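Same chain, two partners: chain A is paired with chain B first, then with chain C.
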Partner chain A sequence: MKILIEREPLMNSIQNVMKAISSKTTIPILSGIKLEANDQGVKLTGSNSDITIESIIPVEEDGIVNIHEMVPGQIVVQAKFLPEIIRKLPDHQVEINVDSDLNLQIKSGHAEFKLNGQDAEEYPQLPVLQTDNSFDLQIDLLKMLIRQTNFAVSVSETRPILTGVHLKLENDLLELVATDSHRLASRKITMNDSEQLTFNNVVIPGKSLSELNKILDETQETIQVSVTDNQILFRTKNLYFLSRLLDGNYPETSRLIPNQSKTVVKVDSKELIESIDRASLLAKDNRNNIVKLVTKGQNTLQITSHSPEVGQVEETLETDSIEGEDLKISFNAKYMIDALKAIDSDQVSINFTGAMRPFVIRPEEDDEQILQLITPVRTY
Partner chain B sequence: MTSWIELKDSQPVAVKMLQNSITRDRIAHAYLFHGPSGTGKHEASLLFAMRYFCENKQIDSAEPCYECISCKRIQSGNHPDLHWIEPDGQSIKKEQIEYLQKEFTYTGLESNQKVYVVRQAEKMTVNAANRLLKFLEEPSQETVAILMTEHIGQMLDTIVSRCQRIQFHSLSDHHLYTRLVDQGLPESTSKLFASMKLNVDQAIEMNGDEWFAEARKIVVQLMDKVMNSSEEGYLFLHQVYLKHFQGRESLEYGLELLLMWFQDIISLHLDKRDSIVLVDQFERLEQFHYVVSLSEAKTLIYEILNTKRKLAQNVHPTLAMEYLILQLQR
Partner chain C sequence: MKRKGRIIFHVDMNSFYASVEMAYRPELKGKPVAIAGNPEERRGIVVTSSYEARARGVKTTMPLWQAYEHCPELIVLRPNFNRYREASKHIFSILSEATPFVQPVSIDEGYMDLTDYVGEENPIEFAHKLQQRILNELDLPCSIGIAPNKFLAKMASDMKKPLGITVLRKREIKHTLWPLDIGEMYGVGQKTAEKLKRIEIHTIGDLANKDVLTLKNLLGINGERLHQRANGIDNRPVDPDAVNEFKSIGNSTTLPYDMTDLTNIYKTFDQLSKKVAERLKYKNVVTENIQIMIRYHDRKTITRSKQLQDFIETKEEISGWAKRLFQQHWNEEPVRLLGVTAQHLTPKNELSKQLDLFNYEQEAEKEKLYLAMDQMKEKYGDEVFIQLRDPEPNISTSFQKDFLSEYKTEEKGSDS
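This part shows the complex of A and B:
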């Protein structure tokens, strides 16, 4: 294998794949970066076995030539040293040579490095893409979907399947659900061109999704999502992101969502967040971070919190409307704030079904198919 | 790389059981390989994993192909869906089991097939073992766990009862002998090590050990002294023997060697020349067997075994050895 490549795009690619590489890995080969040169360009792969990132440097992009010379081949190089070496090379071009004994030679200007490589055959085989099992999304939309659901995944390992976000595509409707059994976040979007593609019970680990969210830039470009038996692939033009899935059956969540309500409160989201945030100041030390919400006459809510050691706080909040029965309910302030922030709408409507039943928060103009469900805390 | 066929020589029952479960497509979700060290547990687990992941497997054969990418990567330890857990220091730590638990909940990297191998599984703390239990109770499809242990008695009953137990027998002397000779050890040494039941790795290490070579010589000298009434074994013990054999483990080796001498004397009395271990010392043996009668030799073996027991009970080593030498002295 031989490549003569511009240093800048190579450095960027290395930085991208380094995000997947972990220093403590049980599989020795995964401490390396796989370099692969073929007709399309140079592909770099890094993996920690949970997530895998592939970055492609095309031979030519937007009229700029990245790769000047190329003889196809592949090799695995120690990831510990490669980024530093490439960064500190003197020249803007890098020449990489690999001989048949897996020795890697990096030349730039008058500097020359010789590194020991490993056989690329040893590297994990990634699933072959099946483009017929995929759909497209806009990157900023995908990032929003992740932001609106991923915060609700469970952090406890007692029910491992809940540490992921459940993905379901049916009748052109894509649904993401995350729950930690105390709260639930769900988001649906209508797909136009999913071509009758359906899948169910695809559970992506929450950690992988936050990693993906970090890597993707906020752009209007599209990202292709493909689902295979054991992996999910997110594919932009020059960056592939693969994640393993969680094994097991995701619980049926649609039954949890109440379809009628006894009390409906419509309120300004920002004001509600701020007042709950204030109330939770005193509750934070307390284990559960509980605030209490009581409906009062004239469309006002009273939000209180008290902690026996510290003191108490009380605030009244004007709402747009309160319909239905009077209500006293307590809940975890953090869950509420998370949910309201995720909804990202000026006006929200909160549907309560009694003090002991979960309540649902939706944006008031209900065209956006987002829903946040929180279970209350029993206090009296 | 050993194949099933080679392994079958030494472990016919275990290999047969594994082969049948593979070819009849009745792979259990968890196996417990137990038996002394050096009996092929590791090789068997490697072979099993290779056959499980092999890309060119034949339905009617339990052999992997040894050549496909999966087989190669298993041998080099790079297969992403084969997980090894080994004791980190004294025990298998909680974090290691947590890692394993996380792996249980993820799908495989390449396919949905996964294999977990836990070496020295008895070193799991009770907490760790109980965490593992949950997986053993509700295995997911296509996942196989292999636990390996030398001390099945130290495993939790609840774990043992959930695994298919495969016993690996300790190798016969003759088998061990041929294996050691194959490793290029001298014949007389191989015979000695085989009767000491060392495994191949230990034997190779011992063979290169100068201390052990010297120990053999000193034991021969000691035998010369105690078998000759005009010599003083007691003095030799203090002047040479105890200086060389210090510490419980080395004293054990010394007694082991002494034991071998008297076993051989008995073999000679009974005219069972095949079972003689110290073939290189045949002349001495012949000479000694006139000095020590069959029944005397038997009594002395009891004395040696008794000394071993005393050492295990923390009797002062010098006193125990002195007593033994006085018994041995003719």
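This part shows the complex of A and C:
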């Protein structure tokens, strides 16, 4: 095997597949990157038991030549040193040679590395995904869906199913839900061409989605999503991202969302974030990062926080309107800030149903597409 | 509480270290003995001494050279702390056979609450038996004070030494307590005594009859407290867990036989967790860290703990985590002893609870009640509501001082 390749696309591909490689793998060969050269280009593969990523560097793309010379072949290289080696090579081109004894030679400019490779035949065969359950999404939209939900997954293994984002497609409506049982993030989008495709209880590990989000560039190109019983595949022209799905039944979350409210507050999102952020400066010291919100007359909110050892903070915030019953409620400031940032709307509407019940935040021009739910903190 | 009064014992070992040494070496009995840090050096200081030495003028904290001046034939010994700890362990195990409510204060003294435990017996006779038992079994003398509260019991045990038993009734304090010099009062140190004497308080009686405000101005909150004590008032409970002030609460038990079957092991965890949960409730605290102890048939002992995301308090939660820990760490060998400890405790009134989306209804149901309580608190202050405590908690306790819990688990094991 031999390739003469541009360093930059090679570096990008390495960084992409590195997202799947764990230094703590139980299968030794998976601590390596598989390099494969054939007529289409050079393909890199990285995998752990949960995620497999393949990144393809085409010989030529958009008139730019990535690969100048090639003799087909394949090899597995230790992933630990490869990224740093490639990054620090002196020349913009890299020559990689593999001999029949699995010795790998990397040349660039006057630098030359010799590495021991491993036989690519020993690298596990990746499952070929067979499914008709596929749909297309625009990449920037997928990234937004991930950003708006994935932060709310549970980080605790107490209920493993909650460490994932639930994906549901029904009647052309795709819904993503994440909850750590304290707050819930939900985002829906209407699909135009899902062709009666229906699935439910597809739970993607939160970690997979955050890695996917890192790899994907903010573009309007499409990505194909294919779902099977236990795996999900995201595929673009040059990327193949396969993730295990979580086992188990995702709880029915629609019943958790209150359908009535007793107090409705409409407020400028940015002002609310800033105000809560200030209050939480002192709250960070207390256990649940608690801030307290109290409705006052003349459409104002009072936001306070105190920490027994540190001190207290109080501020008032003008809202657009407050309707309904008076309210005093305490909640985790971080949950509120996360939710408001995810909604990413100028004005939000917050619907409360009492101090001990979850409240709902939506954009004020309610299009029912995004919703954030937060359960309050009970103070004693 | 409906009861007339509590029965509190203060058990105080008489010149403990010296007595322990004499129990080990009976030939020392009747001789002036002192325990000192460095007997070889004349600069050493007397830690404690026998009554014979005291009679000759030897006093605690006296430099050795001075002690020798008072008593040239003084026998000076190096302290042997392992012996004292061992003896202490035995003493407290004897005390805890009488009642679970034993609060060790130091290595050689402790309080007991016998209100519910003397039964038909006269407390004085009971004290005699206890004193005799410690003397017979351990060859150690103690004095016992009997009173309706800790302060009076402490003062009482001090009145007759060695081997005294003193009852101090509240109605008697005018005659017994009040004439005493203010410096004799427990809780009044040298500095406080000087301050009090400056405002013409020379006896405990003077203190009892002084107005609270003056005392408060002089000594702060402690002034008020001392005033109450001088009047025979002290509501502090005898608290077996006070030793380690809210650090952990745990129970352990030696199994009737070495177990390997999960059903019985889990049953044991349920029982232990129930006790821990009861004690958490009694102390009004919650935990966020559960530890288990497994002692195997060969006495190899491991402890494993789990830091939790949330505070827990119920027996189901505690035993759930205990079992999970057990599953993870059990090596399938026969188990001799199991223990469950709740660690990292937080008083309930200092915490908040993040509600859970899936079960917030439990809390929400009570919202109106909480709201009404809040309003009343705002109006009348935080003191309107206090958590009712079961006046007679049916609680089995294990002592956190490890020498005690060790002893007890051994003891239970050999009983069964």
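Simple rule for what comes next: the second predicted complex is superposed on the first by the 287 of 380 C-alpha atoms of A that agree within 3 Å, B and C clash if a C-alpha of one lies under 4 Å from a C-alpha of the other, contacts with A are read in each partner's own complex, and residues count from 1 in each chain.
The rule is short, and it goes like this: a residue touches a chain if its C-beta (ideal position, glycine included) is under 8 Å from a C-beta of that chain, and two chains touch if they have at least 3 such contacts.
The model shown is predicted, which means the values in this text are computed figures rather than measured ones.
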| item | value |
| --- | --- |
| Room on chain A for both chain B and chain C (clash or fit) | clash |
| Chain B versus chain C as contact partner of A:Ile290, first or second or both or neither | second |
| Partner chain(s) touched by A:Ala279 [first = chain B, second = chain C, both, neither] | neither |
| Contacts of A:Arg244 with chain B and chain C, given as first, second, both or neither | first |
| Touched partner set for A:Glu121, first chain B, second chain C, both or neither | first |
| Touching partner for A:Val17 - first (chain B), second (chain C), both, neither | neither |
| Stretch of chain B penetrating chain C in the combined three-chain arrangement, among 150-158, 168-176, 240-248 or 312-320 | 150-158 |
| On chain A, the residue positions that both chain B and chain C contact, one per complex | none |
| Chain A-facing residues of chain B, complex | 69, 72-73, 76-80, 83-84, 98-99, 101-102, 104-112, 140 |
| Contacting residues of chain C [partner chain A, same complex] | 309, 348-358, 360, 363-364, 366-367, 370-371 |
| Sites on chain A touched by chain C in the complex | 156, 158, 179, 181-184, 251, 256, 286-288, 290, 308, 330, 332, 354-358, 373, 375-380 |
| Chain B-touching residues of chain A, taken from the complex the two chains share | 26-30, 49-50, 121-127, 157, 160-161, 163, 205, 229-231, 244-248 |
